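Just below sit the structures, each encoded as structure tokens.
Okay, so subunit A shows up in both of these, paired with subunit B first and subunit C after.
Our next item is the complex of A and B:
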């Protein structure tokens, strides 16, 4: 690559990054200034935290935070256990109907969850779980994406390691725990990020299956600010949005290097 | 008193004092205005339960109108319908078509039919009744009005106490109100009629003002390419194209009040749902008037109705009706209107002392009510969301200049016909 090429690539990179970060910068601007400055960019404008306190008072956000954290932790831990076991079976064990079963898992990737709203509702209702946090997570526990991703990762692990462990007398579960899980960590981390951010932001299904403050996640609380009939209060919305997405943003910034590396290794782009 | 009598008396007293919770109701409600609307609904149900200890109502906040409809349909299909919901009045035919709702008529007494159902403003009932039955009870209803900036009127040499009486006057005033800086860039436009998201709502106000209508009462035929409809769209396109009194392109609905407060537009069209917002935030005195019409006064109605959902037993539905009756009673409806800015849906509400005081101190609030006699129903047809999407895209195409108004509306009418044929 010549010098100009590098330079151009760098400029393009900066432009893209700027374009991407603009909405976030605007959110920060609007959230920390009084509503008069929503569209007036005056650097000397007084900063304020008032929007945050206004937003915090409109809904029981503390409870919503707790619910969302419980929700994403529960979903991710169940997904990791279930999907690691399934992926290991698909990658390394032989059993009748293996290919058909794996094809079924792949079919799950093709179906958008919204089509299943009514069927999922019926199932949850039959189980008597309407309006619980478990109900929000249940349809996502056996994630086709996670099974597929982990199976592909496990397939790339050299047979020699597997055989060496077996020769040493390792049980099947021990083999999974000592060989496959450590080597599959980057893929798990990458999937964890996708899963957590997806369920942190999920709105429609939680709204439909829950009814009370005790079970509803942050996104449902945020929807209080979609006031189409009375004009949009950008300062308030931006404060609420920043407040609810802050933990994710901070988490990403802190572990940015690990995330980027694991994405490269796991091949999710 | 013998011991036995004493025992019986105590038992009776105990039975009376303990809330039995004989009836458990679920009530889904959307919120589309800022402030404390959700808390006001909660307070409404709490007060009702205090007065009626045998009924328990869970008021469940369900997001926007669209989200509420999605949740109610999913719950009904999943075999667990709520008893009562508030959803868009324009969704009436969709609910009838999907067989999700029960009419109010069979659940109210003959006396109530006349006194209660008959007491709502006819403009609101236009899309609450069909086939001779009442499917919705008006509650959070609105209608668009024109707001004008009195300071800007003064600065332009206009009478600040008088808004435009008709379309021609609005254009003429708009020209005086459009202010350019030395470089020729516009600092203040005369008028802003927002066109993002759901332009068909405000457009139907212009159609009504031209003497036209959106659709027939049976909800199976639209009049998108009627001469009135075409004239209405040509008028709105001309505002920025030839009259030069409105900013070109698609104008955001959500930021229109902001543009008004900041002096970017001297007159705006928006819902009465904004009244409280404008009253609190406008840094200048403002006037509220009827939508100026091309030929006559005219406006659409909008907002949400109470619906009863199928799949519940009669006792539950009757209890729900009782709550709706209470919520629309003069005293409760007056509180609701003052808290949110929605138009109180019955004449008797406006007769209450609270409401009279409110109007006396804030006469702008009565404009929406007075405009109702000229109002038509917003687009309320079978397959409502689809047909609305068709007309909204057509309007956007004409406003951005991709199609001529006639072309766009002819195509929209043909598409709507193709969908609605099945319902004729």
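Our next item is the complex of A and C:
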């Protein structure tokens, strides 16, 4: 290929990429400038953090942050425990009904609880858990994706290691904790990143099941904030938007490698 | 000896129990409930429930709003899947050629994935806002009068753009991996044989990417059908005049705002059927890939 050819392809690639992140760049522009510069692109316009402090004061974002952090931590820890146990059973034990149980996991991998909204809402109401953070997480505790991913990893662990630990007198839980969990760490990290980003951003189910400041996660809080509280103060809304996405955007910068690997490894969401 | 066998048979189920309980309560039970509810009809006051057989389903298919919603969903999903796949393939082909700056480029492109769908909707709604948005301002120069709150086609374009934008990152990662898996020797051989870049793309790259593309096609269809609720909610709320009322949004509106439980349950069952069909297709494909 000629040099100009490569150069042109490169320029075109960058143009397309820039066009793609333009909405984000625009949000950053609006958030860091006074409202009068919303649609006036003057590079000398003074930068300000005022929009962020205004947004922080006008809605209980601190509480929303706390709720979301509690939520994603809770979901991830329960998922890891439940799915490690199940994945071990699927990877290493033989028992009748195994295939049927695994088929159930595979179907569950695709069906999001969003389709069964009304029925799940009734169940949560019957359990007396409406408007609690636990209720937002409950339907997601059993993750087909985590089981699938961990099972694949566990199956690659040499059986000799497993047997050696048993001969040494390791109990089942000891075996899981000393052999399977340490060796499954990369898969768990990968799953952790996917799970956290999914639940940080999840919207429909939290919207339905919560109705107070004490339980609402960031996505729902932000949606309320942008439609009711602030009218058309876009600088303010963009500041709030950036603020709520910032932890994930930073996380993506730091863990991009693992993110990419986790996608490749599993091939499924 | 007998005890040991007993213990061995019980153990797997003990390990699976917590997982199965959650699956039962939040997947099997509600699915069965929706199935049962879809054969019932409640009167206006919710006092009396009668068994009506398939009436909820036939009523849905007779309902022009539901049929319209199917059409809207088809237009929306196909557009999102096709656009998201082709744009991300272009972006991946571009990154394939620049080894030095690929990292920054990838970070830039992967960022939209970190943005919540609800926020993606909000961002695009802002950009296309008829009074203060940038896009309508630019379109006015071209002589196009943009107001998606009045014009159904424009509102469809808006939700397609927002939903596509969010999905590109995911596809991009897979295409980049797929491209990197193509052996360099193959490309060189094609180049030596005198095949130009365009020809190489059609005869070599695209066929070798077919498995990735097929996998992504299913994933994108599932995304467009079921995960786009927040995008619709933040931009058009299904309007104007149902122009962007996709099936998942309609289930929510009918079940939670309209409180038409029988009809909403029937809609859930139909959607579940679609998901199961797509799952089967997906896993047929994965099985095939594992065999390679």
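Quick notes on this one:
Keep this in mind: the second predicted complex is superposed on the first by the 216 of 269 C-alpha atoms of A that agree within 3 Å, B and C clash if a C-alpha of one lies under 4 Å from a C-alpha of the other, contacts with A are read in each partner's own complex, and residues count from 1 in each chain.
What we mean here is this: a contact is a pair of C-beta atoms (placed from the backbone, for glycine too) under 8 Å apart; a residue touches a chain by one contact, two chains touch by 3 or more.
Every value quoted in this text rests on a predicted model; they were computed, and no experiment measured them.
In the superposition on chain A, A:251 makes contact with subunit C only, not with subunit B.
In the superposition on chain A, A:211 contacts subunit B only, with no contact to subunit C.
By the touch criterion defined above, A:224 lies against subunit B but remains apart from subunit C after alignment on the C-alpha atoms of chain A. With both structures placed on the common chain, the touch criterion links A:156 to neither subunit B nor subunit C.
Shared-chain residue A:118: touches subunit B and subunit C both. In the superposition on chain A, A:172 makes contact with subunit C only, not with subunit B. In the superposition on chain A, A:10 makes contact with subunit C only, while subunit B stays out of contact range. Contacts of A:27 after superposition: subunit C is touched, whereas subunit B is not reached.
By the touch criterion stated above, A:77 is placed in contact with neither subunit B nor subunit C. Annotation for subunit A, partner touching more residues between subunit B and subunit C: C. Shared contact residues of subunit A, touching subunit B in one structure and subunit C in the other: 38-39, 117-118, 122, 204, 208, 223, 226, 232, 234.
Within the complex formed with subunit C, the subunit A residues making contact are 1, 5-6, 9-10, 12-14, 16-18, 20-21, 23-24, 26-27, 38-39, 81-83, 85-86, 88-89, 93, 95-96, 98, 101, 104-120, 122-123, 138-139, 141-142, 147, 172, 197, 200-201, 203-204, 208, 219, 222-223, 226, 232, 234, 237-238, 241, 244-245, 248-249, 251-253, 256, 259-260, 263-264, 267-269. Residues 9, 11-13, 15-16, 18-20, 22-23, 25-31, 33-34, 37, 87, 90-91, 94-95, 97-98, 101, 105-120, 122-124, 126-127, 131-132, 134, 137, 165, 168, 170, 173-174, 177, 197, 215, 219, 222, 226-227, 229-230, 233-234, 248, 251-252, 255-256, 261, 264-265, 268, 271-272, 275-276, 278-279, 282-283, 286 of subunit C are the ones that touch subunit A when the two sit in their complex. Note for the complex: subunit A touches subunit B at residues 35, 38-39, 117-118, 121-122, 124-125, 130, 204, 207-208, 211-212, 220, 223-234, 236. Only residues 26, 31-35, 38, 58, 60-64, 67, 70-71, 74-75, 77-80, 142, 197, 253-258, 262, 270-271, 273-274, 276-277, 281, 303, 341 of subunit B touch subunit A when the two sit together in their complex.
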